[in-house]
Amino acid sequence: MTVLVMSDSASLTPALQLEDLERHYGERVALSDVSLSLPAGQTLVVFGPNGAGKTTLLRVLATLLRPHAGKVRLLGKELPREGWAVRGRIGLLGHAPLLYRELSAEENLRFHARLHGVGELRVAEVLKAVGMEGRSGEPVKMLSRGMLQRVAVARAVLHEPEVLLLDEPYANLDPAAREQVTGLIGAGSGCTRVVCSHDPSGGVAEADVVLGLREGRQVMLKLARDVREGDIAGLYR
Amino acid sequence: MYGRGLRPLSLATAAAFTVALGLVFFYAPLEADQGFVQKIFYVHVPLAIVSLCGFVLGGLLAIQHLRTRDSRWDMRSYVAIHMSLILGVGTLITGSIWAKASWGHWWVWDEPTLVSFLIVFLLYATYQPLRFSIEDPERQSRYASVFAIAAGAFVPLNFAAVRMSTGYVHPRVLGDTSNLPGPMALTFLVSLLAMALLYATLCKYEMTAKHARGQVRALRRKLSGEVPAQGRSAAPRLSGPPALSGTPAPSAPAPLSPRPAGATATGSTTPAVGRPGG
Amino acid sequence: MSTGSATHPPSTPPTIRVHPRPPGVAAVVLALLRKEFLVELRTLESVPGMALFAVSTFVVFHFALDATSVSGKEASGVLWVTLLFAAMLGVNRLFVADAEQGGFDAFLLAPVDRSALLIAKALALLAYLVVFELVAVPAFGLLLLEPSLGQSMPDLLAVLALADIGIAVIGTLVAALAVQTRARDLLGPLLALPLLVPIVIGAAKASAPLLAITGAGGSPTRWLLGLALYDLVFGLIAYAVFDFLLED
């Protein structure tokens, strides 16, 4: 039994809407007053120095952290109340690969496939797509960081998410591997994407909207085509 | 708001204790077997009862915390358990003294109530270390509440289990008010009331102090614009920007504040950034 | 337009997505268990350690008690102290891989019922306990116990099963509480031991007559009932509060 969902139907309402989003860790403010909206299928690239709140933003969107104030609507569902409705439609690629070190790439992906109710065929398909079918039987602790990242990409797109949350997705990848995963997680993937980046030129190039964070606050929000040289560098100054 | 009622409550506690002590020393008759030492009963048993009720109360407050996600309930749960722990120390000490005086040993294993109390006390002794070793305050309060609920349910279960294991070795003349002669029962009930009032007063004092400290911090932060350094703590805090996680925003969302230049930009086909759909 | 979940090429934007139906609790529990046992088989971190610990403890008891054999109450005490402390080793390791390697996040990202994790972990711990007792209990019979285990075995199995269920449920709850703290190795046992006292009471009382030299016969039913009741109540408590340990 499957349920058909028209992903185009989301284009009337934005795929992602934030309104005065706030999140704290105790008294430390990790995010505050972040407001934006992103149409379905577009890419939001988030810039900001370390500790600016990029990872927190991704974790809030992934339903792993609850927002403390403000509104978050993802795919038309309000977080955290309707988090259950968007779980499984999100692909998260963070710093941690979310893979068990002792298990092989294939075993890890099979485990994730079962959690998401995805067929086993899909496991082989994504492994092939990231070019890891040759070493899919080794425990992932034996893999190099670049290969680990490729398996993590496969894991993130395994269940064909509609929203991709990517934290420096191309870290540790050589140009060839980067090319290979671009089809899965790049702008051509058809997903609504939120990408954290430290690469000004590459980041802006793949963005539709650019968000600048600093100490948890939204200091810049522009269409990618309006971003001027020095805008991004200014964030890190 | 936390300080309100503190004075009358304190006075009532002092009055109740005066009456209770008066009754204990001048009204209640000497017990035939144990003599004067039996008077510790009027301290020990109320201490134990109030302390156990406080543990269970902490669990109930923790349920409320998990349901509402309002950190004030966590504070109440914490204070209830904290004060119960302090009374619990008193219970164990007075129990030991009583055991030594009447049975000649500082500790007796065949007194199920005492043994159960020790087990409960040992469990709750991990409450503070548990809180202390979780750094994120929100997670700390959530985990503490889970602990408080499980432990609160454990209190009666444990009493049943220990009671079952020891059987009835000692005839429990003093355990049950219905068996007490009239004057003793009256004295006991007044002592229990005094102890309950003392517990309530102490809890209120601690909450008032915590609240005041939180307000001072918030004010200081407002004035100086910086957060004064603060060490890790096992105690929940009421200050802090996550005023009350999960509670609704104070009012309707304010009209969107002016954004930096370019903030109205969006994708080419959609309405303005930041405008909520509805 | 592609409609199959496994067919559309990754580079073309899909217009229709086929959403798999979220798996049911049983399927998720099975998936988690399979993963759990696979990791345990690869690392052998829990069960062999528990078994070895138990056997070493029996040796220590031999010298500490200065006894060549034990029976009755004493035997029951030695057995349950050993099993309990060995179980603590398994409890301490139960969630470590998930906490350190992102298993919690991976689970939370999936569209599944979160209680499945409690059920799967409790079943896994139960399985570890059973396997390790397959070594520890015969070793106890061999090394320390005076009467033979033979005729009292069926009753002892019932006691072990009921106690193991309780240890598994409480151990899982406590392990989930402790794993996110800095002092997890310390807090786990500190939290678990008082909560397990009623289990020890029931198990020790129930198994003492089984291990007596006289072979006095069956264990009183009320202890078995008490154990079962405690398992049930704590199972319900754990089920009610476990979800709150998972969110962030």
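First chain written, first letter: the chains are A, B and C, and each begins at residue 1.
Basically, a residue touches a chain if its C-beta (ideal position, glycine included) is under 8 Å from a C-beta of that chain, and two chains touch if they have at least 3 such contacts.
For clarity, every value in this text was computed on a predicted model and none was experimentally measured.
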{"item": "Graph class of chain-chain contacts, one of line, ring, star, complete, other", "value": "complete"}
{"item": "Between A-C and A-B, the pair with more C-beta contacts", "value": "A-C"}
{"item": "Chain closest to the assembly centre - both centres taken as Cα means", "value": "C"}
{"item": "For chain B paired with chain C, centre-to-centre distance based on mean C-alpha positions, whole Å", "value": "31"}
{"item": "Intercentroid distance (Cα basis), chain B paired with chain A, Å", "value": "43"}
{"item": "Inter-chain centre distance, chain A versus chain C - centres from mean C-alpha coordinates, in Å", "value": "36"}
{"item": "Numbers and ranges of chain A residues touching at least 2 other chains", "value": "66"}
{"item": "Multi-partner residues of chain C (each touching 2 or more other chains)", "value": "247-248"}
{"item": "Residues of chain B whose C-beta touches two or more other chains", "value": "none"}
{"item": "Chain B to chain C touching residues, read off their complex", "value": "66, 119-120, 122-123, 126, 129-130, 133-135, 139, 142-143, 145-147, 149-151, 153-154, 157-158, 161-162, 164-165"}
{"item": "Touching residues (chain side chain B, partner chain A) in the complex", "value": "136-138, 227, 230, 237, 239-242, 245-246, 249, 253, 256-257, 259-260, 262-263, 265-277"}
{"item": "Partner chain C, residues of chain A touching it in the complex", "value": "1-8, 41, 59, 62-66, 84, 87-90, 92, 94, 96-103, 107, 111-112, 114-119, 121-122, 125, 129, 139, 155, 157, 159-160, 162, 183-184, 188-190"}
{"item": "Residues of chain C that touch chain A when the two form their complex", "value": "3, 5-6, 10-23, 27-28, 30-31, 34-35, 38-39, 42-43, 97, 101-103, 105-112, 247-248"}
{"item": "Complex contacts: residues of chain C adjacent to chain B", "value": "173, 177-178, 180-183, 186-187, 190-191, 193-195, 197-198, 201-202, 205, 222, 226, 230, 233-234, 237-238, 240-241, 244-245, 247-248"}
